[in-house]
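Note that subunit A is present in both complexes that follow, paired respectively with subunit B and with subunit C.
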Partner chain A sequence: MSLWEAPLGGYGMQLLLGLRLTLQVSLCSYTVGLVFGLLGAAAKLSHRRSLRLGAGLYTTLVRALPELLLVLLAFYIGAGLAERLAVFAGLAPQGFSLNPFVVAVVALGFIQGAYITEVLRAAVLAIPRGQHDAARALNLPPLTYLGRIVAPQALTHALGGLGNIWLNATKDASLISVLGIFSDVLKVSSLAAAATKHYVIFYAVAGAAFLIITLISMALLEWLRRRLMPLHVT
Partner chain B sequence: MTPEPQPAIEFVSVSKSFGNTPVLNDVTLTIATGERVVVCGPSGAGKSTLIRCINGLEHHQRGTIRVSGETLTGAKHSLRHIRNQVGMVFQSFNLFPHMTALENCSIAPRTVLGIARKDAEARALSLLRRVDLAGLADRYPAHLSGGQQQRVAIARALCMQPRILLLDEPTSALDPEMVQEVLDTIVGLSDSGLTMVCVTHEMGFARRLATRLLFMDEGRIVESGTPADLFDTPQSQRLQRFLGQIRATR
Partner chain C sequence: MSISWPFLWHGVLPQLLAAVPMTLTLTLLSALGSALFGVPLALALGSAARWRRWPAQGYSLLMRGTPMLVQIYLIYYGLGSLIPREWMRHSWASPVLRDAFWYGLTALTLNETAYVAVILKVGLDAVDRGQHEAAQALGLSRMITLTRILLPQALAVVFPMLANEFILLLKSTVLVSTITIFDVLGTANTIRFETLRVDEPLLGAAAVYLVLVGLVTLMGLPIERRLRRYR
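So, the complex of A and B:
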């Protein structure tokens, strides 16, 4: 630890823990976002008008409002409402309060889900109509069509967009630092910077942390892209 | 007297319109089992719509369509029953780009007919051999020429052992030098007893393949007869003009 603690004034360990929290929030919120995105895209592509309208309202509102505002709304209004609702429905005991990590993950996932909805919808619509014709002419069962024809092709179309949203998710994870209850990597850096007056060093360290996350993510995404797309190699 | 064998395809007063534009106008047509019918006509004549109505890819609005005696309704079981007997080859091939030629051919037998993977692949391979592509079974469509892709599509349709094969302008999307290999492949199926309905502008091919030629214009069947009759002694002015235009471009 001495190698870390000496140059960073004893903040090395805290910064590493902050980085771990940032990654946990990113991964969990992105997973939640994928669920929201899948549901949203399915609703947008549905034959039912009510589902399309509901999904349209979701993506429009979430994409219109600043993410910071949405996070604040989730913490100061949404979480309270959910807690009361859970108590009212008899699902939780009196005085129940949600774990802040869960609130953060669901709120951020809800935001990412709106963008993922649009990426997945566009990816499905990018599949040529002829694929549907061929599947129908061959009598492929609907689930086979979705799983074996639509999903793999949509994934190749969506991968770029999903990668972008993942990179944003890692940065959005730092939005929770404004809430004062999380010690994510950005929060630790700003506390350390304020306490030691070494602003340049600590903010540079925070920046470097995000840069490293991004570089590793990009390498993984590229690897994934190559694995998924043997068909486009000419 | 022997009873009339059941016709493969019957249209009785079939009409269909897109919005206010009629595309099929009171079409009545009987195609006997084993017939090889070529449909020609100017673009917008309703040829593709006609052929796509046979397996329910398009829905007709009026009249009755029967395929192998089964009346085509919107109901799932009727569509499933009919599509299991009708194979289709498309203008733009519509192969599944993320599957090899072999997988393209074996997915329907496996998932629709429930045939074991090994047997489905053996069937796929034998049909790929029939269209002269056994050596390319492991290639993805992107690594095949247009002509090869269309021959895979023919094999894919045949893997479901259809009684009727629909071909919707099978060579229109191909480079000129690849047209012949696909046409030869289709003509090679002539002796298999398959009932075929093919939309095409290739007149030499129509002569080789067809037992009957239909000329369509404005959603109606204008003339019907042997290729020799229609090509050599066209009755209607509309067909004479159409043939004149086609010949002028060759």
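So, the complex of A and C:
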């Protein structure tokens, strides 16, 4: 069958669905990563030694290990542990098993969280000390201080780093194709390539899909950067 | 999770340690290759001539904007499928073309070159304009200016970034385990499939990578201190 009779040899629809899954995994894992990152940064900046040590261990370990290995660890060891823990704690019935999508999202989010922790920590530390003293002098409630003083300034400092991590998150979403249980855009391309022997075309299509995600993200991030520029007080 | 320590110690770790040279070879060769190709690419990225700058920017976007896994598959399966089978079987290059190692190394090097070039460009941009002019006034050749004046100063600026990139490269070598290269993770996966045990091979591999990354980090520190005098 010629490749051009149907769009991409009939794989067009599957590729689009794969792209949707890849985007879902990227977005959800990044959101989870932001949560881990916020908690991690809060722990690293905390006065409690134990929290600082724990967060330090988290970022050091995650950033020292290859992402693919961490994903394998999450699927083959972490998920099983979490399932048994949930059953043991009485939160889930016997024989409960986690949804693979959830495992993938939490695993990738856990990885991105370590990098986001460092970016957020640095962003908060970049805020001049005087801002803190001024807030104290004005007797601002702690939540107002965090929400109106720290968050906006930290965000402008962190935007570049957070953007880079998002770009990495979209690329790291391709790692789940190795597990063989997800029909993400790379896995569909692999299957189509092997079935039709048109390896170059299908892997080029997969590459193009990721490149388009990257280009759109870069444009959005640039727009966001311009929007937030007025907040930049230097 | 049930770890059998004797199995981890006597069955898994010796095999994983035997695969460390493969991981290190891949890392070092692709680091060398990317340093070599990264310099001209960095110069092209900073070039005023559009016909030099645009292809360089296109290349770096392509390499940095797509997952390394896609690039590895494209080179291993794609390039492999383009080479005529008959020719490949009888050619002198056959041992090279059949071995996944060279495809993996090519993919790693092509990818890493783009990242190294962007870092080197940052360094070259940081070198004071006056250094160019002084070198020109002294009548130094362009090659000498580059290798003796610009690159040492650029390296001193970006060495921490390059050291960080080296660690990222070491970590990304695991991706070639997907094309039947037996690096540390590839070996761990083989043990996993052969023995049907997952805990020991994966945790063993994690320990090995942790030690490797730790050692590389420690080795970078004295070099960083030495290079500081160029700043």
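Please note the rule applied: the second predicted complex is superposed on the first by the 224 of 234 C-alpha atoms of A that agree within 3 Å, B and C clash if a C-alpha of one lies under 4 Å from a C-alpha of the other, contacts with A are read in each partner's own complex, and residues count from 1 in each chain.
Here is the rule we go by: contacts are C-beta pairs under 8 Å (C-beta built on N, C-alpha and C of every residue); 3 or more make two chains touch, one makes a residue touch a chain.
Predicted model only: the values in this text are computed from it and were never measured.
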{"item": "Overlay on subunit A: subunit C relative to subunit B, clash or fit", "value": "fit"}
{"item": "Per-residue contact with subunit A, leading partner among subunit C and subunit B", "value": "C"}
{"item": "Which superposed partner A:Ala137 touches (first subunit B, second subunit C, both, neither)", "value": "first"}
{"item": "First (subunit B), second (subunit C), both or neither touched by A:Gly90", "value": "neither"}
{"item": "Which of subunit B and subunit C A:Ile149 touches, first, second, both or neither", "value": "first"}
{"item": "Subunit A as apex of subunit B and subunit C, Cα-centre angle in degrees (nearest 10)", "value": "100"}
{"item": "After fitting on chain A: smallest Cα gap, subunit B-subunit C, Å", "value": "26"}
{"item": "Subunit B/subunit C common contact set on subunit A", "value": "none"}
{"item": "Subunit A partner contacts - residues on subunit B that touch it in the complex", "value": "55-57, 80, 83-84, 86-88, 90, 92-98, 107-108, 111-112, 140-143, 156-157, 160"}
{"item": "List of subunit C residues in touch with subunit A within their complex", "value": "1, 61-62, 65-71, 73-74, 77-78, 80-82, 167, 171-175, 177-178, 185, 192, 198-199, 202-203, 205-206, 209-210, 213-214"}
{"item": "Subunit A to subunit B touching residues, read off their complex", "value": "128, 130-131, 133-134, 136-141, 144, 148-149, 152-153, 156, 230-232, 234"}
{"item": "Complex contacts: residues of subunit A adjacent to subunit C", "value": "61, 64-69, 72-73, 76-77, 80-81, 167, 171-172, 174-175, 177-178, 186, 190, 193, 197, 199-200, 203-204, 206-207, 210-211, 214-215"}
